[in-house]
Every structure is written in C-alpha cells, then in structure tokens.
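Below are two complexes that have subunit A in common, paired first with subunit B and then with subunit C.
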Partner chain A sequence: MHSSTVALAEQFDDLDQQHEASSLGMWVFLATEIMFFGGLFTAYILFRNFYLPGFEAGSRLLNVRIGAINTAILLCSSLTMALAVRAAQMAKKGVLITFLLLTLLLGVTFVAIKLGLEWRHDYLEGFAPGVHWTFNGPDWRHIELFFVFYFFLTGIHALHMVIGVGILTVLIILAARGRFSSPERYNAVEVAGLYWHFVDIVWIFLYPLLYLIGGRY
Partner chain B sequence: MGTATVEPQIESRVHYLNVSYGIKSWLLTTDHKRIALLYLASITFFFFVGGAAAVLMRLNLITPEGAIVEPATYNKLFSMHGIIMVFLFLIPSIPAVLGNFLVPMMIGARDLAFPRINLLSWYVFMAGGLLILYSIITGGVNTGWTFYTPLSTTYSNTNVITAALGVFIAGFSSILTGLNFVVTIHKMRAPGMTWFKMPLFLWAMYATSIIQILGTPVLAISLTLVALERLFHVGVFDPAVGGDPVLFQHLFWFYSHPAVYIMILPSMGVISELVTAFSKKRIFGYSFIAFSSVAIAVISFLVWGHHMFVAGQSIYAGLVFSLLSFAVAIPSAIKVFNWTATLYKGSVSYDAPMLYAIGFIGLFTMGGLTGLFLATLAVDVHVHGTYFVIAHFHYIMVGGAVMGYLGGIHYWWPKISGRLYPEGWARLSAAIIFVGFNLTFFPQYVLGYLGMPRRYAVYPPEFQVLNVMSSAGASILGVGYLIPLVYLAWSMRYGPVAGPNPWGAKGLEWQTPSPPPTENFEETPIVTEEAYAYGTEETQVA
Partner chain C sequence: MAGHVVPKKLYILVFAALIVFTALTTGVAFIDLGKWNTVAALAIAVCKGSLVALFFMHLRWSSGLMRIVLLAAFMWFAILVSLTLADEFTRQWTPVPSSWQAQIQQNIR
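Now for the complex of A and B:
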C-alpha cells in the first residue's frame, strides 16, 4: 500500500475517491467534446439537406477505400488501447508498454494516411476550398461547401488524434519509468483510454456521414 | 482604530495568505483560494476597462449628433464594452472568484478535485483576455459582442479573428472551471453533506457548470467557423455563396442564451445565501430553489430562438420559442417568491450585502418581467433591436448579476481577507449604485419603447433628455463602483479583524478561521444539520 499513498493527491481522502473523480472528470470533458462535434454535425446535416445534390457529388469525390482502411486502423487501435488498460490494471509493465506502443503506431498511421495521403490528394486535385480550388463543374459552390465541412471535421478530428498521440507518448514514458507498477495506479491509463475511444467514436460517425451516405450505395 | 492591538492576532496564525510570499507563490499556486484572488484581480481590471468603454459611449450620447467620437469609433466602443463585460467579467465573475473560493469550503473539502486544472484555467483566461485586449489596442472590433455574420465574416475590416480567438480561448477556461466544479460537487463532499444539505449557492454553481460544459463548445465552433470564413473566404455563413447567416445566429445563441444564465444563476445562488443569513431564518422552499436552478439550466438550452423572431425564423418555431421563453420565467419567479417569503417574520438586518440582495430582487424582477415582453412575439417586433432590449439585458446583468456579485464579495470579504470592510461606506455605495443604476437604465426602457435603436452613435433630438438622464446616471453608477474598490483595498490592511463568523451565519465556510488555513479545515468536518439551520436546534422541524 505504500506506493498507493504516494499516488494520492492531497485534496483526496483515498484512492477510490481520486479514481472516481478523474474518471468523472474525463466523462464531463467528453460531454463538452460531444457538444463541440455535435454543433458541427448539425451544421453539416442542415447544409446537406439544403444542397443534397452538391453534397452527394462532393461525397463521391472522396476515396472510400482509404476511409475504410483508416476506419479499420482506428478500430484496431481501440482494441489495443483496451488491452493496454487491462495490462495496467494487472500492472504488467512489458505488456502495457507493448500495447501502448501499438496504439500509438496505429494512431500515427491513421494521421499519416489522413493528412499525407488523402488531404494531399484532395489538395492536388484542387478540392481545397480557399486554398487550391480548381473544380468548376455544376453545383461547385455546394461541393465547395461540402469540402469546407470535410476539411474542418476531419481536421478537428485529426487534431484530437494528434493530442491523443501526445498523451500516449507521455504514458509510455511514465510506464517505462515504472509509474504503473502497482494495480492501484492504472487510472491514468484508463482515463486516457476513455479519450482515445471517444476520438474513435467520432470517426465512426464521420466516416458514414462524409463517405458513405453520399448516394454512392 | 483598534488595528494596532489586533494586528498580532491575525499575523500569529498561518493561513492561506501568509503561508508563503513572493510572486511565484501566487503564480504557481494550486490553492483554490489563491486562484480565486488571481481571478478577482484580473476580472476587476477587465471590469474597469469595459466600464471605461461604457463611460465613453454614454458621454458620446449626451448630444444627438454624437459628442466626442466618430460613429466608427462608437461601434468599436460598444463592441469592446460587450465583449469584455460578457466574456471577461460576467461569465467568470461569481464562478471563478466566489465559486473557486467557496465550493470546496462549503462542501468541507480541502481543495477542488483538480487544483492544477484550476490554475490552468486562470492562465487560459488571461491568455484569452490579453488577446482580446490586444485586438482592441491594435484597432478594435466593430461587430458587437455577438459577432453577427455576414458583418463579421465579409464586411468588417477590423480585428475580428483576433478578438474571436480571444473569446474562443477564454471559453476554455470557463469549461475547465465548470468541469472542476461538477466533479468536486459530485465526489468531494464531506461525510454527511448530502445533496439536499448543500447550501443553495452550490446548487446554483452546479447548474451553472452544466451550462458552461455543454454550451461553451458550441460557441467555440461558431467562432472558429467565422474565423475560417474570413481566412479562406469560404461560404459557411455567406448567402452569396450558398451559406446561411441565420445558421450563425442559431449556433451563437445556442451558447449565448444559456450563457446569460451562466451570468445570472450564480448571482441567484449568492442571493439565496444572503437572504437567509441576514434574515436569520431558514430559507423558504429549499428544494424548490434548488430544483429551479436546475430547471433554469435545462430550459435555458431550449429558448435561443427568441433572439431570431425577426431574423427570418419560421413563425411556428417562433411560437414554440416564445412559449418556452415564458416557461423559463417560472423557475425564476419561484426563486423570487421564495426569497421574499424567507424575509417574512425573519430578523432582518440591513447590512451592505443585504442591501445588494434586496436591490437584486427588485431589479431582477423588473428585468425578468420585461423579458416576458420581449418573449411575446408581437411586442418583440416593436421593440426588437431597440434600447428596450439594452435596458432589459442590463437590468438582469447589472441590476442582477453585478448586484449579486458585489453582495457576495461584501458578505464573504471577511472570510477572504480576514478583515471587516467599513459598513457605512459600503451601505452608502450600495445606495449610490442602486440610484445610479436606475437612473442609467430606466430611461432606456422608455427610449427603446419610443423607438430608439441600439448601437447607433447618433439619434433624433427628441431623445436627448432621456439620453442625458441615462448618461448622468452612468456617472453616478461609476462613482458607486469606484468606492468599494477603494475601501475594500483599504480594509485588507486596516480593517478590523473579522473573526471566523462575523455575521453569525450558518455554513461550513464560517466554521473555520478567517482567513482559512491552506487546507481549509483543521479536520474534515462531519455534517449533521441541514443548510440554514438558523434558530435553536429544537425549533427546527425537518
């Protein structure tokens, strides 16, 4: 129990209270995130209803296959994150570091594909509103609006991924230093996991909204 | 007088103010009480900056053709006044100062759940605040605090992006404060402190926090979209390229209508404390007041459309929003009736905090009732965008929120500083503020009803008498605000020592020394009695 008393911040009475507080804190934070993305989703859906043909045409210009690959990568990363939390609960240092590294790797891959492959491709094709826009077909104004939302939504999501990657890096360093050597200290990993899963879930909504319901299928 | 003899008393004991010295001990503190004081200093500064803008506006409106500034400068003045007062004073005022100080003390905790996040919130707030100041110094903004499109996105050639970014950043500090309070109130209550034994101030803070958490992110995305549209000239809100300016209003007011409850709910919480403490009587209808705070928080998210009655919103949406706006008056009225009923047969004393509380009840009632005029579709068409709206808003925000804030600052000042403020001066300034406030804003109801539009630097000559009255009132109000600044600062050093409970009030915060030790309580209190158990224990009927 000595290690656990060290882990207890002075404002808390015991570890249970501290764990509950940090978990609740993350849930409350995720509630703000839901409102953040919720406002954007609402605006997107409204405009999609106003300008259905343009938005469907815009959606058909995206690469579904890359989106699907990224979806698979994120789902795998959620699995490895969950396994990392389990490893932290059991204080298995080696397993924990392995799974955290795997999660980190998958997250970086996602961002690399998203920004390096997809965004770059869209930019070169001239689908970057306000920056590089060359598309002049019918409905181009509405297709441009679709791409505004596409870049903003996926950009904000990618930003959250990058923050998540930063959190994972910190966790890996802490884990390597033996911070999670006792099962009572797993809470930080669990809270980071909540965040990671949330960012995944946002993508689970983004993928169909942007790629799939475009009248393609 | 007397200070020389009592000086040793207050210095001999270690408390949160003298536990360490130096600028670092303040800038790196995680003590919620010290962070509250950091906020107090910051928002006081912003209050007087925003107030200075208001003074210039009122000076300009003394003559019909505009006395001192160009119309373009006037536009920047009212924008500056609105942005600073709303985002840098009213929203953080009670939560970040009194809430930070009192939430842990009232529930018997040593600190908030996340002390470092609490400090972070102050830094984030200052970053946003200084960015807003920078945007003003380098040329200002002319969109008003509402950043309406397409003015903000297309036509304005002022520092919209910088100011919006400042508001965006300051918003995160509000979220962090709300998050901290929710977790603290849920998880950190002392043994025996059940939800229904909590002081009503905490219920108000909890309801406020919910709004901060759920509303602020929506403001963040709306302002981000405005910035993106300005930067990349893409048309999210610009109708010329397929966007929708009314969408901005929907997104903006989805936050900003609840935001006015972020500003008034904490004040209502303060008033609940003041009315009981100075009536020496249990509050009337505890659970009604508690739940009315939660009800206001919930309904506040459903009324934003009443800002768009004349903005091309469908008439059916207007009907529903009108009805829901009437509904929000019910929990507000419940509070007013219960406060009044608490006074009945109480031993009422008229110390300065109580004067503010009584002022609040009267002015808030007027502001609330005129809100009902504005929620009525047909009346709103007549007074929309006039000084009637300005007067209504200021009766709630200044007559309500600021009165509650000042009342609270006076009431808890002995706890915060360990010293008593000079009661005579405090009563005098409360009276000056009340008179000055009414002289400033009551004529604006009349002006608005007669048709004077808001946000104009010039006006027809027949409105001059009322405008001069309003400007005269504003100068009285300004004096009223300066007096407390002086005597509160004075009392920190020269005021008589207060002792732990100068008011004879109930509540955990009064059971610990003033100023409190860093850990608030020598040992964690165990709560056995309900809140506001005034009178002898035997006469209390559960």
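Now for the complex of A and C:
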C-alpha cells in the first residue's frame, strides 16, 4: 500500500481536497463562533452607549498592566502554535511536541493569571455582581452591569482557552504516539491551530474594548 | 502534500508586529484623543486580527472558499450591529404621541 493512501480517507479524491475539506469545516465552525461572541459584543456596545460614564468608570477599575501582559502571553502562544503547525507540516516530531507543550503552558498561564489573579482580585475588592458587590459610588448600578459583561466575556473566552488546552493535550499524546510521523497527516494540527488563533483574535478585540477604551489618562 | 510551509522568519516578524501593535494600543489609551481613542483602539485591533488571520491562520495562502466563509460571518455580524444601533440611534427622532403619555406613565408605575 502506498503511504499516501493511508493518510487519505476514502471519500476524498486526494490529500489536497481532504486538507481543504477539514480546513473549511473549521472555518465554518469559527463563523458560528463569530456569531456566538458577536451577540455579546453587540450587547456590550449597545449598553456602553446607554451608560457611557458608568462603563468608562468600570473599565478604569480593571488592571491594564495585567491585561497587557496577558495579551502578550496569548500572542506568544499563537506564535508557538503556528510553529507547531509548521513542525507538523515537516513531520518533525520532537519540534512539534516541544511547541505544542509551550503553547499549552502559555495557555495555562493565561487562564491562571485571568482567573487566579484578576478574577480573584475583582472578587475580593467587591466587584463581583450578584456574588460579592460592595461598591456604592456614583453610577454603581451601571458599573455593576459593566462587570457583568466583563465576567461573561472573559469567562466565555477563558472557557474557550480551557477547551483549547484540552485539544492540545490530545494532540501532544497523539504526537508522542507518532500519529504525525508523515507530513500528510498534519491536518489535525492545522485545524487545532485555526481554533487556537481564533481564540487569540477574540482576545485581541476584548483587550481594547474592556481595558482601554474607557480612557486611562 | 503538506500545504504551504511558511518561513519561520515570517512568523517571527508577524509576532513582532503584533507585540508592537499591543504596546501602541496600550500607549494610545493613556493619551486623551477624545473620540479618536476608541477609533484608534479598534483600528489597531482590526490590524492585529488581520495579521493573525492572514499569516498564522494561513488565510493568505488559502482558497477563496475559506475567505468567503469568514467574509460571510463578518457581514452577518455587521448586520447585527448596524441594525441594532440604527434602532437605538433613531429612537429619539420622532416624538412620542401625546395620546401615549398616559399609557407610558401607567407602565412606569
């Protein structure tokens, strides 16, 4: 049996078509994800218009330094993911596992900083709507609403990160077992990469919308 | 066949640009530009997102099929945002008929 026939599922004419089909599947899923996050973004934009002073005050209560550091961590993880896909394209097993592990580590760091440092801080300061809210200054109801959006948007984003970490774990196990020993089998890594980069793009928009446009001057 | 293998140098260049953009958008937020703060923040975010999609997600080398899917998603998102905001911004254009006032008062109570 020719080696390429092993990597090729029988419903496809050739590997190019198979590659195109798997990428298209992920892009269609990502389109539904844009709709999913899009609803929350639209609601955020609308309510920000309703209660601008409160939302700007809420935005200034977030720690911009932690936000910037987390942005950098996520961008690093995207680079290592891109390099992992590259390693899979060339069937370099050791390099692939190294970069997948690095991506996983950076992803876990992001979630740890987000939940363990930021959320914990917000909770202790009394900025957790419905759970622990102690702030009674001006516009406090609108600031509370800002924090509802903040927790939902960053929470759903963090959930996507956790799912991404799960996908990476599976890929690392598969890679260790030699699943990607031929360049023809890199599709799974490519598609996981698309997902990971998409979650990165969501954060690229969340960072300015939540942390920056309230004005820091 | 393993798709288009992108040079390592290009990935690192794109990553450097992303970090520079992050520093830029963070810096701009500390300068008072009025409404332009929001415009700058979103413009930079669009640039960063495009860099990730084009290079990290290989859209630059993908077939038109993938681009159409992405374009369609953004079209739908644009419809969602623009129609919602169109409603919000034009609500004050016509006065509330005086005959409705009693009804409104009742509802508020």
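Throughout what follows, the second predicted complex is superposed on the first by the 212 of 217 C-alpha atoms of A that agree within 3 Å, B and C clash if a C-alpha of one lies under 4 Å from a C-alpha of the other, contacts with A are read in each partner's own complex, and residues count from 1 in each chain.
The working rule: a residue touches a chain if its C-beta (ideal position, glycine included) is under 8 Å from a C-beta of that chain, and two chains touch if they have at least 3 such contacts.
Nothing here was measured: the structure is a model prediction, and the numbers come from that model.
**Student:** Applying the touch criterion given at the start, work out whether A:E144 contacts subunit B, subunit C, both or neither, answering first, second, both or neither.
**Tutor:** After superposing on A, A:E144 lies in contact with subunit B but is clear of subunit C.
**Student:** Check the residue A:V131 against both partner chains and state whether it touches subunit B (first), subunit C (second), both, or neither.
**Tutor:** first
**Student:** Check the residue A:L24 against both partner chains and state whether it touches subunit B (first), subunit C (second), both, or neither.
**Tutor:** Both partners, subunit B and subunit C.
**Student:** Can you tell me whether subunit B or subunit C touches more residues on subunit A?
**Tutor:** Between subunit B and subunit C, C touches the greater number of residues in subunit A.
**Student:** Mind working out whether A:M35 is in touch with subunit B, subunit C, both or neither, as first, second, both or neither?
**Tutor:** both
**Student:** Scan A:P208 for contacts with subunit B and subunit C and give back first, second, both or neither.
**Tutor:** A:P208 contacts subunit C only, not subunit B.
**Student:** Going by the contact rule set out at the top, does A:L46 touch subunit B (first), subunit C (second), both, or neither?
**Tutor:** both
**Student:** Would you check which partner chain A:D13 touches, where first means subunit B only, second means subunit C only, and both and neither mean what they say?
**Tutor:** A:D13: touches subunit B, not subunit C.
**Student:** Share the list of subunit A residues that count as touching for subunit B in one structure and for subunit C in the other.
**Tutor:** In subunit A, positions 20, 24, 28, 31, 35, 38-39, 46 sit in both the subunit B and subunit C interfaces.
**Student:** State the interface residues of subunit A toward subunit B in the complex, per the touch definition above.
**Tutor:** 9-13, 17, 20-21, 24-25, 28-29, 31-33, 35-36, 38-40, 43, 46-47, 50-51, 129-131, 141-142, 144-145, 148, 152
**Student:** Applying the document's contact rule, which stretches of subunit A touch subunit C when the two form their complex?
**Tutor:** On the subunit A side, the touching residues are 14-16, 19-20, 23-24, 27-28, 30-31, 34-35, 38-39, 41-42, 45-46, 49, 64, 68, 71-72, 75-76, 78-79, 81-83, 86, 88-91, 183-184, 186, 190, 193-194, 197-198, 200-201, 204-205, 207-209, 211-213, 215-217.
**Student:** Of all residues in subunit C, which touch subunit A in the complex?
**Tutor:** 1-3, 5-6, 8, 11-12, 15, 18-19, 22, 25-26, 28-32, 37-38, 41-42, 44-45, 48-49, 52-53, 55-58, 62-63, 65-66, 69-70, 72-74, 76-77, 80-81, 84-85, 88
**Student:** Tell me, which parts of subunit B touch subunit A in their complex?
**Tutor:** 104, 109-115, 117, 175, 179-180, 182-184, 186-188, 213-218, 220-222, 224-225, 228, 231-236, 241-244, 247, 251, 254, 519, 524
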